[in-house]
Amino acid sequence: MTLRGWTLPQTDTGRSAILTPPPWHYSGEIISVDFTADAGVVAMLMPPGIEPAGDGSASFVFADWCSASDADPRIRDDPARGQYKEAYVVVYGTYDGKPVARVPFIWVDNDLSLVRGLIQGFPKKLGAIAMTRAVELGSGGVRKEVGSRFAAHVSALGRRLATVTVDLTDEHEKLYPRGIATPFLHTRLWPSIDGTAPAVHELSRGAIADFELGRVFSGSATLELGSSEFEELDRLAPRAVGTGYVHSAAFSVTGGTAIPIREGGTL
Amino acid sequence: MTLRGWTLPQTDTGRSAILTPPPWHYSGEIISVDFTADAGVVAMLMPPGIEPAGDGSASFVFADWCSASDADPRIRDDPARGQYKEAYVVVYGTYDGKPVARVPFIWVDNDLSLVRGLIQGFPKKLGAIAMTRAVELGSGGVRKEVGSRFAAHVSALGRRLATVTVDLTDEHEKLYPRGIATPFLHTRLWPSIDGTAPAVHELSRGAIADFELGRVFSGSATLELGSSEFEELDRLAPRAVGTGYVHSAAFSVTGGTAIPIREGGTL
Amino acid sequence: MTLRGWTLPQTDTGRSAILTPPPWHYSGEIISVDFTADAGVVAMLMPPGIEPAGDGSASFVFADWCSASDADPRIRDDPARGQYKEAYVVVYGTYDGKPVARVPFIWVDNDLSLVRGLIQGFPKKLGAIAMTRAVELGSGGVRKEVGSRFAAHVSALGRRLATVTVDLTDEHEKLYPRGIATPFLHTRLWPSIDGTAPAVHELSRGAIADFELGRVFSGSATLELGSSEFEELDRLAPRAVGTGYVHSAAFSVTGGTAIPIREGGTL
Amino acid sequence: MTLRGWTLPQTDTGRSAILTPPPWHYSGEIISVDFTADAGVVAMLMPPGIEPAGDGSASFVFADWCSASDADPRIRDDPARGQYKEAYVVVYGTYDGKPVARVPFIWVDNDLSLVRGLIQGFPKKLGAIAMTRAVELGSGGVRKEVGSRFAAHVSALGRRLATVTVDLTDEHEKLYPRGIATPFLHTRLWPSIDGTAPAVHELSRGAIADFELGRVFSGSATLELGSSEFEELDRLAPRAVGTGYVHSAAFSVTGGTAIPIREGGTL
């Protein structure tokens, strides 16, 4: 039988695959904080071909997404399938002389998103993520407005990895927080099973369309990075914490491009 | 040492207790569906003193809450603590000639809310709950507007208990869905440990303040109730499914009143 | 209708209640560590009537239980219902001149056990717990034998609360680790809803039958207690870490006795 | 910088990668049930090159694993990392004239195992799995002995996918349940990101060493398969349910071999 499915599991119908191919659509709420890490550590997280910014600049981003896939309406229709939260580090550099962002570490709470991330080159693991969400009425929560405090945290395997707060002091019609607005350049990596070189090893970038930001609120922020036996996040301990941002965002991924990495890890 | 704490765990400081007393504040998003169950089954779920409505009228409500407590700012400040989702059945009757609502079954995904519910007389168990949430931008999700479909479901111990959809067709400035707007009359019940009569057995009602509803969207709905070895929800299988509602809501609980139940279960 | 059920939710049949009354049966695997905390802090966690041991002696216990209830075979029959893990602190004192143990803090991963604990006076909250379990074959894990290392940890709301390791060096036919073998004296506490004194406030002890221990393995141990906004566990930071234990245990709870606490918190 | 890591995330040290390469070791407890499905449906789940057995024979297997990796001691040392449960279907056929087993569907509760499975060709998704585990003492659970009933179930996205029971009637020194003893032939599949043919598409088999089974208990069994919007498991609804098995198992994966699949899906 010819089996169908963009990913496993494949069947004759293709209906069991965890993922259908792009276009994929994302609408979400973002809480992010810019910070400065040890520039030497940031440099050590860059692959050959990407020049680190050199100033240790970095961002920590939390996102609460609703997602959809043109080829599979079930993803948007079932909130247990299409919704998820993720938390990630962004570091900055240049590739071919143009600014790029790298995501060295990322955690997510949904298996579809984990696999979709790995396919794109996001190095996803599972984590537990909590984020302040704005309320419309009453005093059970805070509104997305100047004066409110937003908070977020992520843990994995019972270890708190990052905790942020942002006190909203300013509202902007047009402002592009660096952590969400810099194009990602990922590494796609998939091992072979027979002990040979990786079956897939390439730089990749997503083709992004219909990128939108809502009103952006900014303010003073805090960021604490924690230790875990399984992570190296504490090597990025903030030397300075910059501005925090709270806003809506949306975009589509319509595909991607890949740049093979030569033997020895060079481009 | 005198130990402090409105609930366990008590310590000298009182800081470890899972709950502080009211006032408590709630701000949330609601997806609910009115339906008709077997009137005889509904009658069998009413305690002495509450006259069932007699028509089998019922509602299934999903809520995504942010909550706060005046005496403990940590609850609002940490999204992992104050936020939770719950799903519950509402049935209708009269007590002392006035309309009351009863919640025979409810599931929640947060331990603070579970204990806070039990103290008030909500018969909470843990469950896993998913609800469509409205997005502001893009096509990863749906907006809270006419034409959108919202969905929600709850499961416990790996059994799907209820699944609803609502297709929004109308928007209302002032409309009070019955499931959220009828005053609850609960049973508070806490066993003794020595085999004697219950240590606490009383009817109770919350003192509600600052009740607010946002714009209410309504439309046609579906509701499926599932089977579980541990539940009796399938006895309420819908004979007819009525209108569904999607809206924001907020209120405060400032305390409550209790009516002791006499020996033999009568008031 | 007379509603039935030892706990909420009550129905005409009583089949939905999360709990039936004792006898309850427990069979499990234990990893525990004795340690010494600040004696002054331990004293501050004791209620009036219990004399603290005065030496800061304490234990941290992890347990992986299978549980059953004579009145509800569903609990043992469904592994999702009857199985759970818990982690707790034990401190020691005397009551009426006899040794008693207190559990100031405990976390569990199952709602039935959470409610069953609260009814007995265990101050349970939800937590995520991991424990080494012994394997019978192969090298994917360790055996319960001298030379093995066991580990366990607990987290709640994304904060690691405690981490233990035990390196097994000795095997004992008859040995009763203090943390599992000292009779508990709990505080049962259930608030009123109308702002008056607690509806239930009493010391309580379980009636224990058929207590069994398997072979007990002991050895050197480590214990780290962590910080959380919602806990006071770090006040018990170990000044010295003693012996660790790994063993099976079983017992039944056939009921309990209660001692009312007078106004002002005295006995 | 040369980045290290057999999988993502890669860093200069390689310590953050979710996985190190084989050898991997597995020790676990198995509950499995043989059953007969529609032979035509089973045939439709076979890739080109595998001849279906033709009789609809299949097994449903639950496993509770402890796992270890020679290159990463952290996996065995932290029970939150190395332990997991999984549930899967096995169907049978021949490849090159020799018996092979296929796993068309599998769910697991741990991200490391999910990724390790995908790399080998197990089509893993996340699920919630509960399994009776044998106790050594007392009456809180059952022993692994004739007369006991074991149960297991798996759910994903709030839908119960499979429920099994096995009543143990016989004990065997040497018996190899088909679901655990037949060599797997998997499909490794990893999409490209640029819309071209899959980056990885090959048949694969693991190199298995040190396979061990403990005493095998067998008996009469039940199996129910459930429906989900995201699965096709109900197409395999049992026409007959055969013997169930409960036993320990262990093995190592030392590597694997891959057979490329030509254009068009043929071997």
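Each chain gets a letter, A, B, C and D, in the order it is written, and its residues are counted from 1.
By definition in this document, a contact is a pair of C-beta atoms (placed from the backbone, for glycine too) under 8 Å apart; a residue touches a chain by one contact, two chains touch by 3 or more.
What you see is a predicted model; the values in this text were computed from it and never measured.
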Item to complete: Would you mind telling me which chain pair, A-B or B-C, is linked by more contacting C-beta pairs?
Response: B-C
Item to complete: Identify, among A-C, C-D or B-C, the interface equivalent of A-D, where equivalent means over half of the contact pairs coincide by residue number.
Response: B-C
Worksheet, complete the sentence: Taking each chain's centre as the mean of its CA atoms, chain A sits from chain B at a distance in Å of 34
Response to the item:
Distance in whole angstrom between the CA centres of chain B and chain D is 39
Worksheet item: If you average the CA atoms of chain B and of chain C, how far apart do the two points sit, in angstrom?
Response: 30
Item to complete: Provide the list of chain A residues touching at least two other chains, using ranges where the numbers run on.
Response: 78, 80, 128, 130, 153, 157-158
Discussion item. So with touch defined the way it is at the top, what topology do the chains form here? Options are line, ring, star, complete, other.
Written reply: complete
Practice prompt. Would you tell me which residues of chain A are touching chain B in their complex?
Written response: 25-28, 65-68, 76-80, 82-83, 128, 130-133, 135-142, 149, 151-153, 210, 212-214, 248-252
Discussion item. Touching residues of chain B toward chain D in the complex: what are they?
Written reply: 128, 130, 153-155, 157-160
Practice prompt. Using the touch rule from the top, collect the residues of chain A that touch chain D in their complex.
Written response: 1-3, 5-13, 15-16, 18-19, 21, 43-48, 74, 78, 80-81, 104-106, 111, 114-115, 118-126, 157-158, 187-195, 199-200, 204, 206, 229-232, 255-258, 264-265
